[in-house]
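Next, two complexes with chain A in common: one pairs it with chain B, the other with chain C.
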Partner chain A sequence: MITAELQKSWAASLLEGAAGTAAAPWLEELRGQAGALIDCLPPVNRKQEAWRYTNVEPLLKESFQPVVQRPSGYGGEAPEAIGPHRLVFVDGWFMPELSDTALLPEGVTAGSLDEAIAAGDERVKNRLGSVADPGEHLFAALNTALINDGLFLHLPAGVKLESPVELFWLNSGGDAARLAQPRNLVILEPGAEAVLVEHHLPGAAERYLHNGVTEIVLDPGAKLDHYRIQDESEQAWHLSRIALDQGDGSRYHGITLAFGGRLARTEYHGLFTAEEAACTLRGLYTVGNDQLQDFHLDVRHDVPRCSSREQFKGLLHGKGRAVFDGRILVAQDAQKSDAELTNDNLLLTRNAEVDTKPQLEIYADDVKASHGTTVGQLEADQVFYLRARGIDERRALHMLCEGFAAEIIEHIHLESLREQALARLRQTLGEL
Partner chain B sequence: MSTQRELDDLVKAGYEHGFVTQVESDTLPPGLNEDTIRFLSAKKKEPEWMLEYRLKAYRHWLTMEEPDWAHLKIEPIDYQAISYYSAPKKAADGPKSLDEVDPELIETYNKLGIPLEEQKALAGVAVDAVFDSVSVATTFREELAKAGVIFCSISEAVHQYPELVKRYLGSVVPHTDNFFACLNAAVFSDGTFVYVPEGVRCPMELSTYFRINEAKTGQFERTLIVADKGAYVSYLEGCTAPMRDENQLHAAVVELIALEDADIKYSTVQNWYPGDEQGRGGIYNFVTKRGDCRGDRSHISWTQVETGSAITWKYPSCILQGDDSVGEFYSVAVTRGHQQADTGTKMYHIGKNTRSTIVSKGISAAHGQNAYRGLVRMGAKAENGRNHTQCDSLLIGDKCGAHTFPYIEVRNPTAKVEHEATTSKISEDQLFYCRQRGLTEEDAVSLIVNGFCKEVFNELPMEFAVEARKLLNITLEGAVG
Partner chain C sequence: MLSIKNLHVEVDGKEILRGLDLEIGTGEVHAIMGPNGSGKSTLSYVLAGREGYEVTAGEVLFEGRNLLEMEPEERAWAGIFLAMQYPVELPGVNNMSFLRESVNAVRRARGEEELDAVSFMKRVREKAELVKLPDKLLKRSVNAGFSGGEKKRNEILQMALLEPKLTILDEIDSGLDIDALRVVAEGVNALRGPERSFLMITHYQRLLDYIEPDHIHVLAQGRIIRSGGKELALELEEKGYGWILEEEAAA
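Let's turn to the complex of A and B:
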């Protein structure tokens, strides 16, 4: 079991590896506080409810090399984007030469967080670290203690982006396993609208750790569609935390499709700070042999009249494992809240395993809140129905799984991305 | 449904069972150490192996920490401030008939509405009444004995049926299980032992009334029920306690064992002192209840109506080991005032074709906090395991809370698990509809709440269902409006 000592020494080795990069005093303070926190945080082991089913001990036994400078170049090709706005990151660092941002409308900032900090951008200084709590756990603290680069996206009031902003997270290979740990800040001013697409890809590396934290601020009336396709390498560790701060009447529509990684954990932390805001979180995960997909949702209704929908579905095969832990909290004054949480899992093989925990914590009476969970295998009746129509068993299995997954994928509002996602799903199903 | 007048009378009566009987008690001074346990054991003239069992548990308990994972706010408990033994004074060999029982005790039961005499004649229910820690009267023993059913206090069983007790005690809830169960194993005062032999259908419903009486006396009941192959038994547990301004600890352990084709039905109505309107006093109720479906096709059903106690920490569980065994859990938990409940169940599916059903209804009013916490585990060998869970919460008032913490672990693809939960309040439409038909608001609420709980009440034996409905109405009195 992970002890406080193991956790401390693991973090210390990474912090040491990153030492010596000077930054603005306010950032130094932010990093320093988070670094100091690590020593006081409880170890991320079974004894903690949030880590009950997720064993990260093998991860803490690995050593990684933090990347403290922008990589000088990238050996491979930059992937193609579906629209004109492409931002490529290697080991967590923004790579301007691989990116296309020229066609972004005036006033829109999309690029390197590091550069924005260096340029003394007040918007970054004001909001960075204000949404994601570094005290959440070891990895959130570590990300904050090592803040260097990542995405900074800012839309001024009323600006509506027509094309999606597409991010590609790649990794450079090398002798030592690297730690990419981007810190992203997204600010949409009142009434702004954008679509953000993230692709998490191996790039040139096999073994690495991606430990990202994304802070998203939606001002009143802002709308963000946020699609994430996590397709890391089979040897990779992927941890990402998305923290939301939603203003009056804002809309967040988030979908994560998780295919890759040996251990991948996605955390959503949603917070409504003003009324009439809406948040939908959806996810699809597939796991096979030696894979663990882990989703943690924590959505807080602190104010009245907000709505949230959480829908997650998993396809498990081989010796795959999935963990789902969703919590909706409705505070005492948050009357008229509307929340719904569902998690469905299909076990396709003998040795797959799922641990799910959908929770409701309700302190207000005039609310609508429900949750539902199912775990099961494919219905024999359904397979029989298809077989009776001359479809072979394998094909029938694929069709039913695709139908199951489509309920998530169909919520992607970009057609070309939807097709990409389906193609990726079929690739996994093809291996069955 | 009760008429308004009856309801008013009941409410005015305050906590109906709040009185203290003046009986001379043989009470041990507060404190817990090995000597306390030796004294306790000697007092009960226990054999050496029993003392060893207690001491082993006590030594293990010293190494344990009090759990803090429940969704509860608990004032720290001083285990050294509790007296671990209190027995009503009695003649040297104990009473043989009701005439020999201390008249004051009889009076207490009369106040509680469970006169032994009447019960004997009326309901055909055998009562093993527990007054504080020692059983003072056991009825219908002979009739049960004819059927071969053993129904006695656990202290008696230790003497008379040591091989049965040795074989089954702690086999479902080992002393290492959890903090409170461990404490219970070390200091359990008394409780009930039931053994139904092979193929016997117990001729009557068995029942125990619990009563906490002596100030500063924790009660540590130990119940052990064994249904041998093909046997059936239905057991009722009802609880009341006198009003007192100090928290009283209750850490009971209930073990059920169902062998092949056996069927055990365990029903509880818990109405202990919940504390006053400001949340002072009240019983701390930390109970470990677990049933083991050891044999194929065995069946264990838990039904509980929890309206009392300041704090309820209770998870009646089923271990479904036998193939085709069935576990059920039906619960109504009501919290009002400053009551807190963290209750639910665990269903461990181990055998093939095991099925379980969970129906949990939580009602929160005033400042009450009500949490459902449940685990459904489908083991790797639980082929075709089935579980359906339904948890509904009803909120009355804007200061209360309703929480759901389900844990679902599935390691077998042929297993099917479904969980649904809803949280709602009594809708204006429903109220309006009832009011239109001439019901007062209070009657309307009581009607709606009873409807909400119907699925659970239907599982209770008849007399209990009536009592439960009455209790629910009284409990929610004044919570609305």
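Let's turn to the complex of A and C:
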């Protein structure tokens, strides 16, 4: 089991590896506080509810090399994007020569966080670290203690982007396994609207750790569609934390499709502090042999009249394992809240396993809230129906799995991305 | 076309069919009637190849081939179609894609060329018109949230597209109002011809007013105990099943 010592020494080796990178005093302070926190945080082991079913001990026995300078590339071409706005990151660092931001409207900032900090951008200084709490756990603190590059996206008030901003997270190869640990800051000023697409891909690497934290600030009336396709390598460790701060009348529509990684964890942290805001979180995960997908949601309704919808579905095969921990808290003053949480799992084999735990904590009395969880197998009647119509058993299974997953994928409002997602799903199904 | 001899079938160790014999010739329409629990639905599922039905004795030949050795999809390829009493809902599976998948699977198996999206669409629209299935239901998930009548019309649409040699209609009339029943019957009648055979399983005489059978059989306690022409249905309508069961018991 992970001890406080193991946690401390693992983090210390990473912090040491990154030492000597000077930054602005305010950032030094932010990093330093987070670094100091690590020594006080409880170890990420099964004694903690949030880590009860997710064993990261093998991860803490591995060593990784932090990447403290912009790499020269990853040895490949720039990936093809859906639209004109492409931002490529290698080992967590923004790569201007692989990216294309020329057609972004004037006033929109999309690029390197590191550069924005170096340029003394006040918007970054004011908001960085204000949404994501580094004290959440080891990995959140580590990300903050090691802040260097990542995405900085800023839309001025009223700007509505027509094409999606598409991010590609790639990794360079090399002898030592690397730690990519981007810190992302997304700010949409009042009434701004954007679509953000993220592709998490291996690039040239097999073994690496991605430990990303994304802070999203939606000012009143802002709208963000945020699609993430996590397709890391089979040997990769992937940890993502997305923290939201929503102003009144703002809307966040988030979908994560998790296909890759040996251990992948996605955390959503939503906090409603202003009324009439809405947030939908959806996810699809597939797991096979030697794979664990983990989703953690923590959505807090602190004020009245906000709505949240959480819908997650898992397809498990082989000896795949999944963990779903969805928590929605409706505080006493959060009257007229509307919250609905579901988690459905389809187990295609006997050896697959899921631990699912929906939690609804409601302290207000006038709310609409529900939750539901299912864990099941393909229904024999459905398979028979398809076979009786001439469709062979294997194809019938694929169609039913695709149908199951389609209920998440159909919420992607970009047709070309929806097609990509379906093609990726079919790739997994084809291997069954 | 279909020859059933001395068929015995068990479900969960309980014998449901007890020596059933039935011959259906090419181009014939047969109706099987019988009280609840007589084994009507078991017969239809055994013919379609559903799991959970154990054949303990007897044989079923379809165009001379041993049907009982074939997988459900092989039976569909061979030309057997079961219109189900309770069509299954398939959430997330688009109806149009499903229909195309099904038609092309059967065409492939028969060595015919697959239909491309455009010509398939045209054909579906044509047949959907025939069974009065609204266009919007083609875009939805298969049977999901369909009314009882819509589900049955979707079954008949599939039948019309697959053009089976032998269609088994398992209580196709249950839960249908007269208008819906008429539409369903028209769909079936449109497909009737010297090449195709039908086996209707029903509880009620009413269906036979719309789809006229050549032969009627009474199924009770797992066997066919009486066969006859159309007049048998009228007799059943008048007197119920009791008299046949009594005669059978006395014999």
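The definition used in the following text is that the second predicted complex is superposed on the first by the 432 of 432 C-alpha atoms of A that agree within 3 Å, B and C clash if a C-alpha of one lies under 4 Å from a C-alpha of the other, contacts with A are read in each partner's own complex, and residues count from 1 in each chain.
Throughout what follows, a residue touches a chain if its C-beta (ideal position, glycine included) is under 8 Å from a C-beta of that chain, and two chains touch if they have at least 3 such contacts.
Keep in mind the model is a prediction, meaning the values are calculated, not measured.
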- request: Using the overlay on chain A, decide if chain B and chain C clash or can fit next to each other.
  value: fit
- prompt: Which partner does A:157 reach: the first (chain B), the second (chain C), both, or neither?
  reply: neither
Query: Counting only touches as set out at the top, which of chain B and chain C does A:393 meet: first, second, both, neither?
result: second
Task: Go through the superposed model and pick first if A:352 touches only chain B, second if only chain C, both, or neither.
output: first
Field: First (chain B), second (chain C), both or neither touched by A:407
entry: second
Query: Between chain B (first) and chain C (second), which does A:385 come into contact with in this model arrangement: first, second, both, or neither?
result: second
- prompt: When the two structures are laid over each other on chain A, which of chain B and chain C touches more residues of chain A?
  reply: B
Query: Which angle, in steps of 10°, is spanned at chain A by chain B and chain C when each chain is reduced to its C-alpha centre?
result: 70
Message: Output check: A:363 vs chain B and chain C. Expected answer is one of first, second, both, neither. What do you get?
response: first
- line: The superposition places the nearest Cα atoms of chain B and chain C at a distance, in Å, of 15
- prompt: Which of the residues in chain A come into contact with chain C in the complex?
  reply: 379-382, 384-393, 395, 399-400, 402-407
Query: Quick one: in the complex, what on chain C touches chain A?
result: 48-51, 71-73, 75-77, 81-82, 84, 87-88, 90-94, 98, 101-102, 105-106, 109, 141, 158, 162
Statement: Touching chain A in the complex, chain B uses residues 69, 71, 378, 380, 393, 395-425
Query: Tell me, which parts of chain A touch chain B in their complex?
result: 49, 332, 335, 345, 347-377
